[in-house]
Each structure stands twice: as structure tokens, then as C-alpha cells.
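Presented sequentially are two complexes of chain A, the first with chain B as partner and the second with chain C.
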Partner chain A sequence: MQIDLPRKAFPLPIKRVIFVLLTALVLSASIYQALRAGDDLYLTASVFATRFLGIFIEAVPFLLLGSLTSGLIETFVKTDDILRFLPRSRLGAALGGTLLGLVFPVCECGVVPVTRRLFRKGLPLSMGVAFLLAAPFMNPIVFASTYIAFGFGGVLIGRALLTVLVAVIVATVIGSFADPREVLKPTSAKAGEEHSHHHHPQGGSGLGAKLFSALQIGADDFFEMGRFLILGSGLAALLQTLVPQDSLLALGSGPIMSVLFMQILAFLLSVCSTVDSFLALAFVNTFSTGAIISFLSFGPMVDIKSTLMFTGVFRRKIVFYLVLLPFVLNLLAGVLINVALGY
Partner chain B sequence: MSAEHQHHSHIDQTGWAKSLILFGLGIYLAVLIVTGNLANYINLRFAWLAYVGVAIFFLLALVNAYACLNPRRAHSHHHISWDNLLVVAFPLLLALLVPSRSLGVEAVSGGIGLSPVGVERASALTRSPLDRNILDWLRAFNRAPTPAAFNGQPVDVSGFVYREPSMGEDEFMVSRFTMSCCVADAYPIGMPVRSGAAGEFATGAWVRVRGEALADLFQREFVPIILADAIALIEEPAQPYLYP
Partner chain C sequence: MQPNLLFAVGIVLGLAVGVLFGFSIGNVALGMPVGVVLGLLIGLIMSKAGSDQT
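Up next, the complex of A and B:
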């Protein structure tokens, strides 16, 4: 009975605060729509709505695909199958995790439900974290978009190497926690035996029944992860509406500051990894090469909406590491690249 | 047996709410596609994403509704809270309350870019002057051997009216947002316009500007300025953004 209490501590107050703020914003927008008198606030709300819906509309199909994948994994992949093929060492697992993206091609919105599902199936921490950070780049679609945007050269190779390097380091650090329960929320940790029996009783074992069950699980995953995507998109849209992009651009010169600001921009913009190369192209004339590579490596790992989604999988302390470590490592790498290139 | 009976008589409220929200989100995306308002939010190069979204939303809505009607076939899912449902319904709420709009002049904060964004495409240079949009002009200008190379060429561009605080009565900026992926990366660019009639056009209005190009200093930079012969009010184009 006592153990049940912390498990139910799911809604963080911070999310409630954000939700209340967003609701307040919509309410004020609708009031102004009714009055039509004070144009300014109404227009600001309308800009916010466009930005928010834009980010949401572009991201939501990827979250849906990720949720479906998660449902299919739940119903068709046996826990034993996963455990059998795993590398023993933590480093090996981390390296393996970076390649897992080639098996499950997902972007940063889709990767979170899939990772959570794999954790529940017993995937080791280091492998899951490496997968989480690397998969949004490590998939054919993002290879293609980076290649189309930049061609085969320094940016593509730099992006790939830096992504793998950072993912492996962060995964090894977080994998060093002995007990997954210190890292994962109870809802993402591997379920006990009695729970997994509980999962398929009514559905039957035919293909149709399994698909039906996979779709239901996928829908539930969409709701559980979707709220973080929506809160994150709202926060990103709010910041974009309040912080002009120009003020970032103006500050971002020099070998260190350019990298720093491109990373902050990547965090704020929360653009999907499948298309961020085209966005980075917009900055090639303004920013150093190190900054572009760091932008492309850091952006898919961490941004506002994925940070919010992480809070649905990991404990808060770990979410903090998951944001900070990639930020610092990518920053270091970007500055080193700039120094090596002689900026 | 009694537990079984209870299960049947109980109407799965959150289950139906889930179906409704999934269905609603599917309809919303479908409406955006049909009305063309999708162009207000994302680069239409990625419109196929919205089609995928509609298909999956409808599929999941149907599966959920079927599960609600046949509780025996339902997966023993964990409970999704009303809080959670409300958050996921938020985009629908916003879409219903705030009419769909593209980013316009009120979204410009901190000035308008005078240099091109994105890859330089040779097509911007070979395109005939009258076919160039604002982005093409800035690109062509950026690549020109001397700023004066385009002086006297005819210009025909459209965009919304924006005014820098420093601008005089006879000037405004004809501007567009560029967009690579979605509105998250929208960035405003523009060309200064000079005309005696400039003052007649309200900030934010969509206009078509015809005239000739002149390289001149604006904010300490050489930029292509339009000496306008004719300025006309137009409807906002179906594709309000320029795609780099």
C-alpha cells in the first residue's frame, strides 16, 4: 500500500503551472477575440497560436509513428529476444544503442515512446540512453536530408561522429547507475512478471488480435507522450514569441559564442531532426562550421519538447543530466572544431 | 461474475474521450489540408506528414471506439487521466478559438533581414528579373559582382508592408517570412520600397510592388531598393511564406 503512493506522483506541479499558464493565454486570446478592441494582445496570442500549431502539426505525425512502433514492440517483441542479443559491457551496450536507430528509424518525438517501451522490456540503461540520443540522427531519413542539404563532406561526417561520441559518453555515465529505478520512473521501468502476464489475456493470439492490441497500446502511448509534446511545443512557441531570433543572431559571433548560441537556438526552436539540416543551411553564412555541426548534433538530442517528454520517462535528476551533458559536450566539440579550422 | 457484470454496465468515459480527441485531431488536420490553411503552418514540401497524421488519427480513433463498444476485446490498458486528456485536447481548443492565420507583420520582432537565407541557388541568378521573388532578389544581389549590377532592372514582387522606426513617409519594406520546415524557423526578409504613395499603405497590408531596382545604402548596407511605379493592395497569397 505504501509503495503505491510515489508511483502515483505523476503530475508534477511544474506541468500544472505551465498548463494553467497556457490555458490563461488561450482564455485571454478568446476574450480579446470577442472584444476585438485591444488589438495588440490579441495579435500576440494569434502569433503564439500559429507558432504553437506549426510546431505541433509538424511533430505530431512522428509521435504517432513512434507510438505505433512502441505498440508493435509491446505485442510482437518478446523480452527474452531482446536480452539474448545484448552486448555484455556497458560501453558495448552504448555503442550498440547508437546503432539501434537503424532498426527503429524514429526522430526525436518518436524515439521517446519507443525508448520507454524498450526500457519496460528490459533494455539496459546505457543502451537505451544511447539509442535515445543517437536515433534521431541515426536513421536513413535524416542521413538523406543532411546529405541533400550539405552534400557528402565535413558537416555530414562531423555530425555523425559527434552524435555517436556524445551519445556513447552520456550513455556510459548514466548507465553507471547500478539500479535502473534510480534513473527511470516506475512507469518506464521493467515490469514484474505478474504484470507481463496480465497484459495479453483477452486479446487472443491471432495476428489480427495482436495488431488490435498494438494499436490500442499505441493510442495510449500517444496520449501519455503527447501531453509532453504539447507542453513542450507550447513552451517553445511562447519563448519564440517573446525572445526575438534576431537578438540571438546578433550575439552569436566568435568561435565560442557562435556555438553557444546555435545550441540555445536548437533548444528553443525544437525543430524535428528530419528537417533541421534545411534549417541549419539558413545559418551557414552567419555562423561558424563548429556551430553548425553542434547545432545538428545537439538539436536532435535535446530540445524543449523532448526535454518535457524525457520527464515522462526519467526521474527529474536524470533529465537534468540528459540536457546538461549533451549541451556541454557538444559545446566543447563545436569550439574544438572551430579552433582546429582556425576561426 | 458480478465484477464482469459491472465492467459491462460501466460506460468507459475516458475511452470515449480518447476516441473523440483522436477523431477531432484527425478532422483538424484534414480540414487544414482541404482548406489549404496547412500552408500557414508548415512548408508544403512536408504536407505528406499531415496525410500520415490524418490516417493514423482516424485508425486509432476507430480502434479506440471499437474497444469501447466491445469491452471484452479491450486491452487492459492503464488509466489515462482527465488532466492528460485535457492537455492533448489543447491544440483542438486553440484551433477552435483562434482563427487560422499565417505569420504576418505582428510576428516580426527585432527587424527584418536584408540578406538571403538558405542555399544559394543558381536559378535565382538565371531567373528573369520579373520572376524573382524577394528571396531571389536578395540572393541574386548577394552574388552580384558589384551592387550596381541590377540597377534599372524591372521588379515585380509581393509581400506585406513593414516599417522600420527610422523610415520616412515615402518608404516601407515589402517583406515575406521565409520558412524551411515549419513556422518555428520562420524568418522575415524584405526589400525597402520608395514611393510618394508609400504612406497610403497600412503596415501589415499585403501589396504587389512594381518598379525598378536600385542599389543604395540602407542601414549602412548596400541593398536592392525598389523605386516603385505602382503599388497595389492584394489578397494574402495561398502560400504566404517563401521556401528557401
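Up next, the complex of A and C:
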């Protein structure tokens, strides 16, 4: 006799099982790595804690600023204002998106809540993606830090050109081939005009009430994005503790491998775009110019913590392309620069 | 998990990270307040995430 059991009698949360298994795998690998290397587990844990703190504390103020900007946009910028100034073509929108960073000076942590808010206000996909990728570099602070570290020359110009080029290409590709409804999570897609933010009652139209509303929205955004920042910082710190950078350094020679190494390093280190120039400066005598420029261009676009934060805005399939496309394009550009300079 | 439990887990995690950080810099007295602040922040974020899902 066959018994039909209701489907919910044995719920199998596949995603949770996979997540738990992966977490267990990573934790076991880290413990095994620590024991095998003869390291003191306590020392490894201390290194992990210090690295986690370094990444997290560096990123939190910028996430806070980005969240506050997001709240101010929601409260003070009208959808019509954005739609009025939009370029008509996809390429124009992508180019415009790269320049938006000059209006909203944010690094790679703050850019995510701002982009999500702009998407909700009706910003086109290509413009939003270009802004997301380019804004962490296209702002006065990062220009200044790159200038102070490298001076006005090949690295600064190369970084700017490569950032704009990669952001425009990726934004145009995603904007052309993807439907915004399939790309964005429901919380990021454009809200209805009549209840663009129904769970945040305005409470009044005065400046004080609006500012209070902006603070409430900013706080919500901060806590919502904060969870991805914690996960991303933890993962980045774990990988930095596990992956021996010395052995990677030994592999990182040659016109291709040097670029590859610097991009992987940028992804793992998850250094804020406002200070990464000074870090790159330490590698100038070790790595090729192409590798340095790729590091400076790719790092602000994609790293572990920002990838985790992307998952709060985009669906996973698009997050994959948002990582892969900049990686491949920056790699290609870095190798071409190396070849052109006769490395 | 319940938001309150997540808050407690966050506090413990933050405190642990802070204390380990204190050990690594050789100043546990500094690591503990850092851990408390970090724990509050992580606890709040995690409990908010938990309450959003329930």
C-alpha cells in the first residue's frame, strides 16, 4: 500500500543544507590547515580576529555614510527628477553611470545601498551597474589618494580609463541582455509610484520630519546591508588566514600570472578603494604595471565583501556575471598593458 | 533563529573577536571594550536580519 505523504511532512531545505555543509567544510579545512602547518590554533584565531576587525571596522563608517545617502535620496530626490536627466541610449546611460560617482562620492561599501535606492527610484539597469562598478574609484577622495601614491602618470590615467572602460562594457552587456525584473531582487526593483516606501510613514512634510524619515530609512538600509558586510568580512578574513600569500607571491610572475595574482589578491584582501593605492604602492617593485593597474581597477569593483553585498541587490546569477566580467576584462587589459610595455 | 538569540550570538561572537584581537596586540583590556562595541553592532545587525525573516 502506498501512502501519500504530504510534501511538507519532510521539508528539505536544500539551500540551508548546502550552506551548513559548506560552512562546516570551510571550518574543518581551516582547523586542519592550522594543525597541519604546526601553527598554534589560538594564534591562527587571533590573526583571523585581527584581520576581521581590520576589514569590518574600515568598512562600517563607509557603509553608514552610504546608508545615510540612501535615506536622503529616498526622501529628497523625486523619481521624476531622475527620469528627466536620463540619457536615452544604453551606452549613454552607462557612461552617465560612471560619472554619477562624482555626484555621490562613495566607496565600494557605501555604493551598494545607494545603487539599490537609485534602482528603486527608476534608474536604468545599465546606468546603475556602471555606477556600482565605477563609483568606488570615480570620486574625489580616491582620485586624490591615487594621485598622492603614484603622482600624475600612467597608473592614475590607466586606472581611470580601465575603470570607465570595464564599467561601461559590463553595464552595456548586462543592460542589453538582461531584464531588470529578472536581475534585481524584488526589494531593489522600482517601487510603485504611490507607495514607494510604505513602511516608512513620512509623518510630515517639514524639513525636520523629512530628515528624521531619511535617518530611519538609512538605519534600515545599514542593518540590512550590514549582515552581508559581516559575512563578507568574515569570509575575507578566513581566506586571508587560510591562503598562504607567500606561495601565491612566488607564483605571481610573468605578464599573465602577475595580473592574475594581483586580481586574486584584490578580491581576497577586500581593501577599501580609498586606501588601496597605498597598498598597491608596496607592490610596485615586485609586480608589473599592468598587474598594478588591474589591481587598482578590479579591487574597487569586486571583492569578497562587496560580492556578498551584491547578493542583497541582485539575483545570484547576475552577481556571478558581475564578478566574472570585470575579472576577465581587467585580466585582459592588464595582460595587454604588460605586453605593450614589453614586460 | 529567534532575533533575541541571534542578538546574544552576535554579542558572544563580537566579544570573542575583540578578546582575540586584544590578545594579538598584547592588550586584552583594550580588546574587551572593542569586543563589546563590536558585539553590540553584530548582535543588532543579526537580530534585525532574524526579525526580517520571521
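Criterion: the second predicted complex is superposed on the first by the 295 of 343 C-alpha atoms of A that agree within 3 Å, B and C clash if a C-alpha of one lies under 4 Å from a C-alpha of the other, contacts with A are read in each partner's own complex, and residues count from 1 in each chain.
The rule is short, and it goes like this: a contact is a pair of C-beta atoms (placed from the backbone, for glycine too) under 8 Å apart; a residue touches a chain by one contact, two chains touch by 3 or more.
Computed from a predicted model, the values in this text were never measured in an experiment.
Colleague: After superposition on the shared chain, which partner residues are touched by A:Ser176: those of chain B (first), chain C (second), both, or neither?
Modeller: After superposing on A, A:Ser176 lies clear of both chain B and chain C.
Colleague: Quick one: classify A:Phe52 as touching chain B (first), chain C (second), both or neither.
Modeller: In the superposition, A:Phe52 contacts both chain B and chain C.
Colleague: Looking at A:Ser89 after the superposition, I want to know if it touches chain B, chain C, both of them or none. Which is it: first, second, both, neither?
Modeller: neither
Colleague: For chain A, which side has the bigger count of touched residues, chain B or chain C?
Modeller: Touched residues of chain A are more numerous for B.
Colleague: Once the complexes are superposed, what residues of chain A are shared between the chain B interface and the chain C interface?
Modeller: 45-47, 49-50, 52-53, 56, 60, 223-224, 226-227, 230
Colleague: Quick check: in the complex, which residue numbers of chain C touch chain A?
Modeller: Per the touch definition, chain C meets chain A at residues 16-18, 20-21, 23-25, 34, 38, 41-42, 44-46, 48-49, 52.
Colleague: In the complex of these two chains, what residues of chain B are touching chain A?
Modeller: 18, 22, 25, 29, 32, 38, 40-43, 46, 49-50, 52-53, 56-57, 59-60, 63-64, 66-67, 72-78, 80-81, 83-88, 90-91, 93-95, 97-103, 106-107, 109-111, 115, 117-119, 178, 180-185, 187, 244
Colleague: Taking the complex as given, what residues does chain A use to touch chain C?
Modeller: Per the touch definition, chain A meets chain C at residues 42, 45-50, 52-53, 56, 60, 223-224, 226-227, 230.
Colleague: Which of the residues in chain A end up touching chain B in this complex?
Modeller: Residues in contact with chain B: 10-11, 16, 19, 22-23, 26, 29-30, 33, 43-47, 49-58, 60-62, 64-65, 68, 149, 187, 198-199, 201-203, 209, 212-213, 215-220, 222-224, 226-227, 230-231, 234, 236-237, 240-241, 244-247, 269-272, 275-276, 278-279, 281-282, 285.
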